[in-house]
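Order of writing sets the chain letters: A, B and C. Residues in each chain are counted from 1.
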Amino acid sequence: MTWDIFVALLAATVLAGTPLLYATMGELITERSGVLNLGVEGMMIMGAFFAFIVEYKTGNPWLATLAAGLGAACIGFLHGVVCLVFQGNQTVSGLALTIFGVGLSDYLGAPFIGQKTVGFQSFDIPLLSDIPVLGPVFFQHDPLVYLSFVLPWVVMWFFRRTSLGLALCAAGEAPEAVRAAGLNPVRMRWLGICAGAFFVGVGGAYLSLCATHLWTHNLTAGKGWIAVALVIFAFWRPRRALLGAYLFGGIMALQLRMQALGTAIPSSLMMMLPYALTILALLVSSARGKGRSAPAALGENIAPGA
Amino acid sequence: MDGFRVVRRQTPPGWVSFAVLPAALLIALVFCSLLLMIQDKSPVKAAVVLFQGGFGSLYALQDTMLKAIPIFLCSLGVSVAFRMKVWNIGAEGQFALGGVGATWAVLTFSGLPMPLMLCLMLLCAAVAGGLWGLIPGYLRLKFGLNEIISTLMLNYIGIEFMRYLVYGPWKDPGSMGFPMTGLFPEEAVFPEVLGYVHAGLLVCVVAAVAVYVFLQRTRLGFELCVSGENPRAARYARIPYGFLLMFVLALSGALAGMAGCVEVSATFNRLQPNLCTGYGYTAIVVAWLSRLRTPSIALFSVFVAGLLVGTDNLQVDMQVPAAFGGILEGFILLCVLAGQFFHSYTLVRMGRRQGGAA
Amino acid sequence: MRFFNCAAAFLAVCGMALLPFASSASAEDAAKNVKVGFIYVSPVGDEGWSWMHDQGRKMMEELPGVETAMMESVPEGPDAERAIKNMCSKGYNVIVATSFGYMDPMAKLARRHPDITFLHCSGYKHSDNMTCYFGRIYEARYLTGMVAGAMTKTNEIGYVAAFPIPEVVRGINAFTLGVRSVNPEAKVRVVWTRTWYSPDDEKKAAEGLLDVGVDVIVQHQNSAGPQVAAEERGAYSVGYNTDMSSAAPKAHLVAAVWDWKKFYEKFINEYRAGTWKNGNYWYGLSDGIVDISAYGDMVPADVRAKVDAAKASIVNGTYKVFSGPVKDQEGKERVPAGQVAPDEMLLSMDWFVEGVIGTAR
């Protein structure tokens, strides 16, 4: 493999990792507040649809991105209604949300399939983009990619340095303690669900506005499920989520380039590679004792009227 | 909730069980009707067409049963794991491995008499599915790896492994280069027992009785339920958690594997790359709708299968896009899930205290 | 408590099952109408395979006395069997299924319903009341290969392909033969995406190929993702299914296209006249069901002339694409000089010709 191909591989890694990064970060926020939402796939594709439809009507990609986030948050809101208000099981509610979201996006989006979007165009960041290797890998993309670079640090700062972020994490670890401190843990979980869904939706927007520049069915093609797995891979830490998203995106990109260079490995085995390596990477890090357990109250509802 | 207070019920009154499910269904149907009305289609006609397609004729009922069989088996397996709060969402991959196991049996032992052949296929499928289920169990015990991620990843890996076999070593030379094994010989195909519903139905009955007896009547089954409801108590009672975890995942995988065997043998008659169509995920939903109770799983498998079958009819007769089925399924589930709230809680008007609702 | 739960669920199911009996009097006019049902594997809106067949359905719908219906997104296997059965029971006279995996269930039901005509696209089973039909798109692929071979500067062409099945492998081989007929040095690199339709994955696969140095992208996929990748990188592209030039105006050289409307027109006319014979039909360039699209502006006149000449000789039958000598990747001679590969060989092709880089598995 020559140097040029290697640099191109890294750039492709960043592009493939970006939607995963947004979705993973969203799910991570939700899970840190103690809510497991397996509906990422459904919210993500609805985000992609809202982004497309607003871009299609207004031509403004920023507005479209905002709409994608808010639209996905509305779908996530259903999860909140079922789990936070009506005490439904989070695992199943999330699954139902995925089935619902994928169906709804197909139903509403059917008349628009194949329609193109202008979306975001990539632009080079002055000076930075001229740095060898780092330039083409990180600084010759579109705005949503640049925004994703700072996202993990912003989320980390939010979790550690703001009282709201601390309360949100506490709602995931010990909701009773939050209540004892005079705050409402259910409200923190609402925040976790809606803010998380917002970023998942932006991940969807990336797909329709940047990656493909069009609307079609099956646009997410299972990326939401990968995000669910990557949150656990990241041990619920924002910066590790960045690593996970790029690792997964990188293996996907590598797999395609290995085929392009001519390999005798059957394509079915190549397709297993990212999933098998994800498990392997997890095993290695937990064997080295770097694992961190899930938020203590993850998946458990807060009983009302307590 | 202004003016109302949520109070936990001790025992839900009988009317709740009767009222909640239809009410939840009604809400879901109203929502879906609105969607249909956007497209200028009559919701009343749609409801008729839908239920006619799923339950309205002998043919429809048989089709529904055919679809319910794999869903039921997978769901039974998933429910056993869920009882112990082990989140096995890997039924899809275990289902695929079951298909692989059964096909291996067919390819390896040919010429056996039918009953022996079918039992052997079921056994191999159960072993293959069970082993696939054991992997996440082992990873969790040894490395503390969360089973949600490992079962999810193993779904993808299992399906690709099945495809690898079909595209490669197991491809039938007589299939004109298409990726599939040869047609199974007659003795390896489950016979039809009830109309054109195949003997997989009997497998379901046997599996259901076995699981029911196991959970209700055996010590291990009791320990399993206790470990799920109260892990700490289980530890004090010296229940072997690690063993139980492995056992539960193996059992769960074995049942999904048997579903794969039935599907490969009776409906495909061969192993094909498109074996998996999401039964493993539907199974999770069914397991929870029925609150993990074996008899209810049977009913809800038929109900959900009927819904899926009925949506076909909606497409043919009213040209409603296929995606509508997903909306319907998803929204009904959300509503029913929310409705289950009233099994354990009730709303009480503020200021009117009720006794016994401590 | 458990009893109540079950009872409630049961009552709900029963109640809804009874609903239809109350109002099942749909008027069935038994006029001499032809009812044609179509079953597709993907949503129609995808502008790919299903969409093209649906153009044929829409054309039929316009005809007086013809009624059509379609089901989309029907998974291959038991769901397909049920879908076909459903249409049989609703009195459809003709049932059309357009994916390979529909073949077994259709053949099974064709035996059970001798009075219904079954049309199955892309398989090989046929009988008195079941036709299998397909097109020799590989002939068009050969011609597009000639264009690509003439236009490549790096002598490397990238092929984004869905699944390693004979139909796709045959297309890759024909394309490569076309490329090497004008440019013996050129190589074709193959990447499998393992999906028929996923714009993002297909585009990424094309980008992977462009990264390793190809300058023409070809596809056997249903979305225009690979075309867009070529357009963005300033490379050339060859389309498939339909003229894809709108997705990549600066890149699009030519496309191998289907025209299924012609087939369905021919079928419905003959069927209604009572002259339709079921059998095995494999239509080529000469029938107009496969063709190549208009050339892009960048294709020079001499290349066009050469390709048009080749097209003419394929149409009039003087040239066959898989004429010997054809060697495979290992250099083994598969078709000896002076012979033409028989259809059986083409139908089950699972090896690559010389000049392809990649694995056919």
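The working rule: a residue touches a chain if its C-beta (ideal position, glycine included) is under 8 Å from a C-beta of that chain, and two chains touch if they have at least 3 such contacts.
Just so it is clear, the model here is predicted, and its values are computed rather than measured.
*Asks:* Taking contacts as defined above, which has more of them, A-C or A-B?
*Replies:* Taking the two pairs in turn, the one with more contacts turns out to be A-B.
*Asks:* Using each chain's Cα centroid, which is most distant from the centroid of chain B?
*Replies:* Looking at centroid distances, C is the chain farthest away.
*Asks:* For chain B versus chain C, what separation do you get between their C-alpha means, in angstrom?
*Replies:* Each chain reduced to its C-alpha mean, chain B and chain C end up 34 Å apart.
*Asks:* Can you compute the centre-to-centre distance for chain A and chain C, using the mean CA position of each chain? Integer Å is fine.
*Replies:* 34
*Asks:* Distance from the CA centroid of chain A to that of chain B, rounded to the nearest Å?
*Replies:* Chain A and chain B have C-alpha centres separated by 28 Å.
*Asks:* Which chain A residues reach two or more other chains?
*Replies:* Each of 106, 110, 217, 266-268, 271 in chain A touches at least two other chains.
*Asks:* For chain C, what residues touch not just one other chain but two or more?
*Replies:* 43, 164, 361
*Asks:* Multi-chain contacts in chain B: which residues touch at least two other chains?
*Replies:* 167-168, 321-323 - these are the residues of chain B that touch more than one other chain.
*Asks:* Name, in rising order, each residue of chain B that touches chain C in their complex.
*Replies:* Per the touch definition, chain B meets chain C at residues 11-12, 14, 17-18, 20-22, 25, 47-49, 51-56, 59, 63, 66-67, 167-168, 176-179, 263, 267-270, 272, 274-275, 277, 290-291, 293, 295-296, 299-300, 302-303, 306, 309, 312-313, 315-317, 319, 321-323.
*Asks:* Where on chain C is chain A touching in the complex?
*Replies:* 43, 45-47, 158, 164, 189-192, 194-195, 197-201, 203-205, 207-209, 211-212, 214, 223-225, 228, 247, 357-359, 361
*Asks:* Quick check: in the complex, which residue numbers of chain C touch chain B?
*Replies:* By the definition above, chain C touches chain B via 1-2, 4-13, 15-17, 19-21, 23-24, 37, 43, 69-79, 81-83, 85-87, 89-90, 100-101, 104, 124, 163-166, 169, 347-350, 361.
*Asks:* Under the definition above, what is the set of chain A residues touching chain C in their complex?
*Replies:* Interface residues on the chain A side: 5, 8-9, 12, 15-16, 106, 110-111, 113-114, 116, 207, 211-214, 216-219, 221, 252-253, 256-257, 259-268, 270-271.
*Asks:* For chain A, which residues count as touching chain B in their complex?
*Replies:* Answer in residue numbers: 38, 42, 78, 81-82, 85-89, 91-93, 95-107, 110, 217, 225, 228-229, 232-233, 266-269, 271-272, 275-276, 278-279, 282-283, 286-287, 291, 293-294, 303-305.
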